[in-house]
Amino acid sequence: MPYVNIKITKDGVTTQQKAELIKGVTTLLQKVLNKNPATTFVIIDEVDIDNWGIAGEQVSVHRNKSK
Amino acid sequence: MPYVNIKITKDGVTTQQKAELIKGVTTLLQKVLNKNPATTFVIIDEVDIDNWGIAGEQVSVHRNKSK
Amino acid sequence: MPYVNIKITKDGVTTQQKAELIKGVTTLLQKVLNKNPATTFVIIDEVDIDNWGIAGEQVSVHRNKSK
Amino acid sequence: MPYVNIKITKDGVTTQQKAELIKGVTTLLQKVLNKNPATTFVIIDEVDIDNWGIAGEQVSVHRNKSK
Amino acid sequence: MPYVNIKITKDGVTTQQKAELIKGVTTLLQKVLNKNPATTFVIIDEVDIDNWGIAGEQVSVHRNKSK
Amino acid sequence: MPYVNIKITKDGVTTQQKAELIKGVTTLLQKVLNKNPATTFVIIDEVDIDNWGIAGEQVSVHRNKSK
């Protein structure tokens, strides 16, 4: 009965990639802890890069500096 | 001073239904634990059905299979 | 398939009270949005009053001032 | 390696204000707990005022009553 | 720079199993989305079975009924 | 009416340090967004270092390697 929340930056993640994350996490919980996939929830939050901070600045700014 | 987060799939939930959820949860916490409604927060997150997984697949896929 | 997280202060909430919260929230979601109880999750977090802040101070301090 | 999640109502918060929140929280964690900014995450969620409840009603309703 | 939160019931999960979950999720995010493991956070919450509800009742009660 | 959740590793954070975090975040939200401290919640979660992963391994392991 696990609940998993994945937060990633909003960067054009495709439906196919989301499906792979959901499948992968669910399988992992089944393999490691024998959890039932039927009651395993996975929620993906895509966060705007203006709303995610790392190293004290927005990802939108941080990435430009790294270029 | 409770904080409640309700995550549901984004399925055209109306403003009226959201109001009922907020009212209902706040009243419940007052009744069961004598919590003060004035400092009871309820946050509703509506999650895209491509971003919610159950049984190892996206709700968008899972529902189609159930039809 | 809703997911609900209730955060309250750790104040000797009884097992019976937790059961009432879980039952109440699940019934509310069924009534308002026709959600299936079988896949409704409710998680209660009890938070130490040193770790919960309101009005810029810990609940442990805030309560003493209110006495 | 802290993770901070700030939830606020969606009220036209500017990019500059978000940057100040991220900078401020990261600096605070460095000052108080000596946490490394390079691995400090801050995620800001802007919540629709129909989806945030206080005092048993939506913020959208609550504010109108206060006028 | 993903953040992943895994909530599971507190059932004697071992340190080794936690390590496998952390490794597995981090590898999955690297494989599917090319995310950098160095800034991938995984937080595991173990929830008391009195505090987790499913089907309108506590897991502690729900499991006994299933026996 | 902001809600802030701070997750840090469980490393003997003192009550005084928690008070400083709560005070600091609340003041920041008042300064940047004019938020009312009376309805600003701050919740601090202290996470066991076996339950926090970075770079694909537990913090408990990661720190030993860094020594």
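Worth pointing out:
We call the chains A, B, C, D, E and F, going by the order they appear; numbering starts again at 1 in every chain.
The rule we apply is simple: contacts are C-beta pairs under 8 Å (C-beta built on N, C-alpha and C of every residue); 3 or more make two chains touch, one makes a residue touch a chain.
None of the values given here were measured: they were computed from a predicted structure.
Note on D-F: across the candidates D-E, A-D or B-C, the interface recurring with over half of the contact pairs conserved by residue number is B-C. Comparing chain pairs A-D and B-F, the larger number of C-beta contacts belongs to A-D.
Averaged C-alpha coordinates put the centre of subunit C at 20 Å from the centre of subunit E. Per-chain CA centroids place subunit A at a distance of 26 Å from subunit C. Within subunit F, contacts with two or more other chains are made by residues 1, 3, 7, 21, 25, 39, 41, 43, 52, 54. Here subunit A touches subunit B in the complex through residues 15, 18-19, 21-23, 25-27, 37-46, going by the rule given at the top. Those residues of subunit D lying in contact with subunit B across their complex are 7, 47, 50-58, 60-61. Listing the residues of subunit D that touch subunit F in their complex gives 1-9, 13, 17, 20-21, 24-25, 28-29, 31-33, 35, 39, 52, 54, 59. Within the complex, the subunit D residues that touch subunit E are 1, 3, 39, 41, 43.
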